[in-house]
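Listed below are the structures to be examined.
There are two complexes below, and they share chain A, which is joined by chain B in the first and by chain C in the second.
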Partner chain A sequence: MASATHYSVEHENLNFVFKSELRKRLIMAMAIGVILILLGCILLMMGIGVADAHHGAGHGTGHHGGGGAEGSGHGFHWTKRLWANLWLNGVFFTGIAVIGVFFVAVQYVAHAGWSSAIKRIPEAFGYFLPITGGLLLILFFIAGHDLFHWTHSSLYEKGGKEFDKILYGKSGFFFFPLKPGSFPFFYVLRMIIFFGGWYFLFMQIRKLSLKEDLETDFNTYLKRPVIYNKLVYISTVFVVFFAISSSVSAWDWIMSIDSHWFSTMFGWYVFSSWHVTGLATIALAVILLKEQGYLKVVNENHLHDLGKFMFAFSIFWTYIWFSQFLLIYYANIPEEAIYFKERLSGHGGLYAPVFFLNIFFNFFFPFLILMTRASKRNVSILKIAIGFILVGHYLDFFMMVMPGTVGANGGFGLIEAGCLLLFASAFIYVVASNLAKAPLIAKNHPFIKESEYHVVL
Partner chain B sequence: MTKHEETHKFLVGIFNDEDILIGAIKKLQAAGVKLHDAYTPYPVHHLDEYLGFKRSRLSKAAFLFGATGAILAATFQSYVMGIDWPMIIGGKDFIAPPSFVPVTFEFAVLCASLGMVATFLVSNGLLPWKKAVMFDPRSTDDKFVLAINLADNKKIEEAKIVELLKANGAEEVNTKEIKKK
Partner chain C sequence: MQYTSPIREPLVLQGKTYADVTEDICRQVEAAPNPRWLGAMFLSLLALGWGSYTLYRTWWYGIGEWGLNKTVGWAWDITNFVWWVGIGHAGTLISAILLLFRQKWRTSINRAAEAMTIFAVLCAGSFILMHMGRPWLAHWALPLPNTYGSLWVNFNSPLVWDVFAISTYLTVSIVFWYMGLIPDLATIRERAKNPIARFIYGAMSFAWNGSAKTWARYEMVALVLAGLSTPLVLSVHTIVSFDFATSVIPGWHTTIFPPYFVAGAIFSGFAMVLTLMLITRHVYKLQAYITLEHIESMNKIILLTGSIVGIAYLTEFFIAWYSGVEYESYCFINRAFGPYWWAYWSMMTCNVISPQFFWFRSMRRNIYVTFALSIVVNIGMWFERFVIIVTSLHRDYVPSSWTMFWPTYVDVGDYIFSFGFFFTCFFLFAKFLPVINIAEVKAILKSSSAPSVIEKEEKVKAGVKLTPSYNPKSE
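Let's turn to the complex of A and B:
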């Protein structure tokens, strides 16, 4: 609808300017994050906030306190909490970054027009992938034994004291083609293939997207949009690759922490959590950019669609989360139910409040806040919903990683706050600096006019 | 009662193009004419806004139906499983909320959808035994039809409205008597 507030894409060839003020603030935030982590580590070294430091470092197999955590048989060392936090944030922010790429790819596969004015924002998220990828890989080699019970080679020695028949049966998934208990070749290979594949396909999408900007005549390009067609093709490849890799990476990086436990819903569970977090981050970035005077073409109609996405995928997450919970709760098979028992009543009830907060933050609040049409078109209400979703899904990943790694020694302290601050500011830094490198609006996208005149009834 | 009291008299303007129709709507509204409705062969974006229609309250009705369904299902299951005929199933509590969720959800959806369909049919007069009002059958083919209820426009002369319609691109202007509801 042509109105006084209508802006045309032709008038908007602005680049995002990554001001030195913002740069300084982000570096400050990263520094504060590091200081908080260091303070937290010092406190832990002094034994403050550690529940069972006196257990010693022996591999006591008979000890299965705290609701049967996989790793609780091993003594607690303060570094474990640091590694668990770095791993948690690494996986969480990998999700946001890869969902940025996934969002762009889905828009191409669906031949969507409405999102073409905002697609540069999720596109910039992909640049965070090599950072978290490198971090997770290095972290696995440093802290593999602290985080993953299955990495201990003594579990695979036949006839040995600690031989574990169940894990021995699963060993091919980690160690193929090498001997069980040696180097987890298949696991590391998968990690490299997933990050490599995601980043490679992302680079192809980004390169073509920037090349499309250089087309001189829009109308001639429209007659034969070669680059657009190529983008659709690569995006299709990415979506297919992501369908498999997102599930398997969820088993690898999170489900294998609780080595004996498994859930067939887990791939979807992690994907849905990643997806809604990514969508909320995209919406937040769009709103913040708009508030700074960029993206004038974007109006409440685009926000309405992003709000719908967040609403829908919050419910999707709930559906997946509840399906996983209800079947395990109802069947009550001990080796399955231990996962929820540990989270609800294990470790002295440490995780029970987070368990319920998780449902409120990720289902009830987004569901009720984003239900009406008016709320999805209102920036302040959207911001509230985004806040709940981002905090809620951090807690969701907290619930996935922490009980199986640090168990009773967990909690939300200085290390948690510091890691989250460090990762968030690093993420914003990388995204902002790459956002500044290309025009904010992809002006030769064949459907850019559709985005300009986008209306949601 | 006379025939005049049982029916409303409508002026029916026939247009050839949606842009001409929208232009005529704006001009007539500016002249103070109250419009009844417009009928088009296909949905025309923002026509409802030009005609000054308020947003439908159907979604609010849907929420109320859904909430009613959810409360009914939750109460019924709690009453049956917890009070009327308690049974031990899988060692769970008699009232075990997680196991009530699927039925509660499904019944909320069922009530919301059926209630919404019923509300829609009733509020639009589309019940099976009702006969739809058709101002001009050509609005289902290629013409754009604008209906004006003369009872809403008692202050303006009929001839003046006809003149306005013709001056703003109506191909023809007919009159039609429609029974009062």
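Let's turn to the complex of A and C:
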């Protein structure tokens, strides 16, 4: 039964130590991120990287609902690119954090056994939610006008020069119960409810999960797993809440950037992108912890399952991407097709390479790399696939946010690199410091033994 | 080593042994048809007979026999087609996707679900043949080289993709189902006393010898087919949804259709599996194999997919308003409050509201509620397709073309034909083939039949003596 490589939960080194060396490195990385952002801003202020060359042409094509068609002319100010980047990363990392909680919740709802040994890792992701939540909220107040075309009050003045009938028609979605063009009460309220709800439910899950650790006798607990049953209940509440909030937040935070454009699939599209990114991040965290000598119970069988998930949900993302694209392409209704036209040929073709990279990184590479059984059980190959998925889905969100905000003035420069570095290191910092606060393995999870003896054929 | 947590509920009850499994399932195949089966078969044949008459009228006099008109040129035929194809999703989902998710409870229901899948897809196909008007030219749907010059099918049409998707799906499903049957057919062959039965089951089992090598091949093929059929099962309803969504008709053209149709298909497929399995379970006394745990698991999937479908309805409604497209908004308001309001609210009640009962564990584990809701769900899913198809068409671009669709008795009769066909096939299957996969149930017997700690405790409290029902005679 216990082979040479078998590790049991009882022999596990349960505590992760957030070493000061790592702490220092992460703070350094954040500092470098900030410096890169500042340098990028200075360059933009000097006009380097601003698309002067395409000033007229870029705005002409494919700028139907984006920020380019804004109220006071088309004055591009360098701050816009900074705000767009902060927003992009804020939404992207919110996704990773909330998917961590979602993953844990789904495991409880599905009564999954195999994942119980790794569940503390995604559980720590949730702590990043208040940070991105606060940031997005503040950012909306500072930069709402730069990011969201629909926020401009002149669009809602009846008889005014810039009156927009379509936006006026849906103004209730943003401004309810206030006057169209005033304060977007409903929009802000939703943002608070979503982040508040996610974090609140996450805290309930986390609290109960830690409380379960305190059970003294595992066998007595198994006869009446009260805490586990409560966890299943709260997880169900979370999944239901997330089912609605994930779609609506995608409309709010991303779809409304292209204020006139609409797609019923969009909520699920963003979810699928978030989900596979979150899975890849979980797998990466598990692998890195294992390499540090933690999580001995976790072996190639668990990695195999995480690999399967990444493989399957990469295909799922592709399915959603393809269905949305095909239906819009096939019907070719101008109001809808403008979205892809802008990305494929708008802004002087600036975004076309990213458009194709997106599909290559998020479909072809994970699909081919993770196809075989052996590759899903090999740490190095998994890391390569994770790399493609993480970079690919960053590009995916880049494609969603950038054309509608900075348009022809977009690109990947110092600000982009700096923001990504800042957010990634902050995320790792928060996750690592919270991982250190609790045992890495939930030793009283009723299915922990199933996870310990988990074998994938 | 496999370890199963004691808090998991057992999947095989009453302490069945390997011999019990063989005996309990083969008994139904070997016994003479009982009067209840004969009665059910008679009713199915009656429906098939009546349906055959209306089908004859459809083909002899043409589809003018239906209630179609120049505005609504697609109604009951395609509603029934989509409905049956949707039902035909559950079998492969259970066999392939639940296999990938290691859901052991699938072993007791996969055989019957797969058989049902095949019959449902055949029923769906029958509506394609019916609505062609000239079914003898059905092969024109295939990209065959022909003598009329370089005339090919329109590869840009999702209807052609449908032909490819469904025929591939049907083929793979039949192979998958039949392959799983082979070891069980061999078991029946070994037990057969009648030489004719022995010969027939022997021929059908392809000289299965049960050697380790044979089993190894069997498992390999099962895995390959599961891998193949997973994308296939999702592609089928995706492409069915493309039939509508690639058009520019308000109510049809919406990007959420593919995943939402797939969820709806799983929803109705599981409901049909429950309808059939609850009856089979009762008639064949299979309570030890199809336990309340199985029923609860299936009800959870119904709740999940029903809620996904509900969210999709609301998303469509919301975006119709959000888009600011007047025609789209009108289309949805017309669905809910227009002349077909009753179809819309039947759909909403049956598909979105009724599954919400399954939030309660007591409801999920109540056989009567489950049976009633499984039928309600399929009524709702029929109305869903009717609502999508007819309400979008009956308000044409030109208001002078606005009209209503009402079915004729031939429409209804053709639908009854499909029921007759479906149930005739299912009853034949239930009589002459093992309804539960004997080999696969045996595979999980050891790891999943021990009574759980909690159940044991409760039984002891209730004064039940815990002895497994061992069957020494057949051991």
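To be clear about the criterion, the second predicted complex is superposed on the first by the 432 of 457 C-alpha atoms of A that agree within 3 Å, B and C clash if a C-alpha of one lies under 4 Å from a C-alpha of the other, contacts with A are read in each partner's own complex, and residues count from 1 in each chain.
Criterion: contacts are C-beta pairs under 8 Å (C-beta built on N, C-alpha and C of every residue); 3 or more make two chains touch, one makes a residue touch a chain.
Since the structure is predicted, the reported quantities are computational estimates derived from the model, not experimental observations.
*Asks:* Clash or fit: how do chain B and chain C relate after the overlay on chain A?
*Replies:* Aligned on chain A, chain B and chain C clash with each other.
*Asks:* Just to be sure I read the superposition right, which of the two partners does A:Y330 touch: chain B = first, chain C = second, or both, or neither?
*Replies:* In the superposed model, A:Y330 contacts both chain B and chain C.
*Asks:* Answer with first, second, both or neither: which of chain B and chain C does A:F447 touch in the superposed model?
*Replies:* It touches chain C, and chain B stays clear.
*Asks:* A:F262 contacts which: chain B (first), chain C (second), both, neither?
*Replies:* In the superposition, A:F262 touches chain C alone.
*Asks:* Give the label of whichever partner, chain B or chain C, reaches more residues of chain A.
*Replies:* Counting residues of chain A touched by each partner, the higher count goes to C.
*Asks:* Taking the superposition as given, does A:V455 touch the first partner, chain B, the second, chain C, both, or neither?
*Replies:* both
*Asks:* Could you say whether A:R373 touches chain B, chain C, both of them, or neither, answering first, second, both or neither?
*Replies:* In the superposed model, A:R373 contacts chain B only, not chain C.
*Asks:* For A:K170, using the defined touch cut-off, is the partner it touches chain B, chain C, both, or neither? Pick first, second, both or neither.
*Replies:* A:K170: touches chain C, not chain B.
*Asks:* By the touch definition above, which chain A residues appear in both interfaces, chain B in one complex and chain C in the other?
*Replies:* 1, 326, 330-331, 455
*Asks:* So in the complex, the part of chain B that touches chain A is made up of which residues?
*Replies:* 45-46, 49, 59, 63, 90-92, 98-99, 101-102
*Asks:* Within the complex, which stretch of chain A touches chain C?
*Replies:* 1, 111, 113, 165-167, 169-170, 173, 222-225, 228, 240, 243-244, 247, 251, 260, 262-268, 308, 312, 315, 319-320, 323-324, 326-328, 330-331, 333, 335, 446-447, 449-450, 452-453, 455
*Asks:* Under the stated contact criterion, what part of chain A meets chain B in this complex?
*Replies:* Per the touch definition, chain A meets chain B at residues 1, 322, 325-326, 329-332, 371-373, 455.
*Asks:* Of all residues in chain C, which touch chain A in the complex?
*Replies:* Residue list for chain C touching chain A: 1-8, 100, 231, 234, 238, 242, 245-248, 253-259, 307-308, 311-312, 315-316, 319, 321-325, 453-454, 457.
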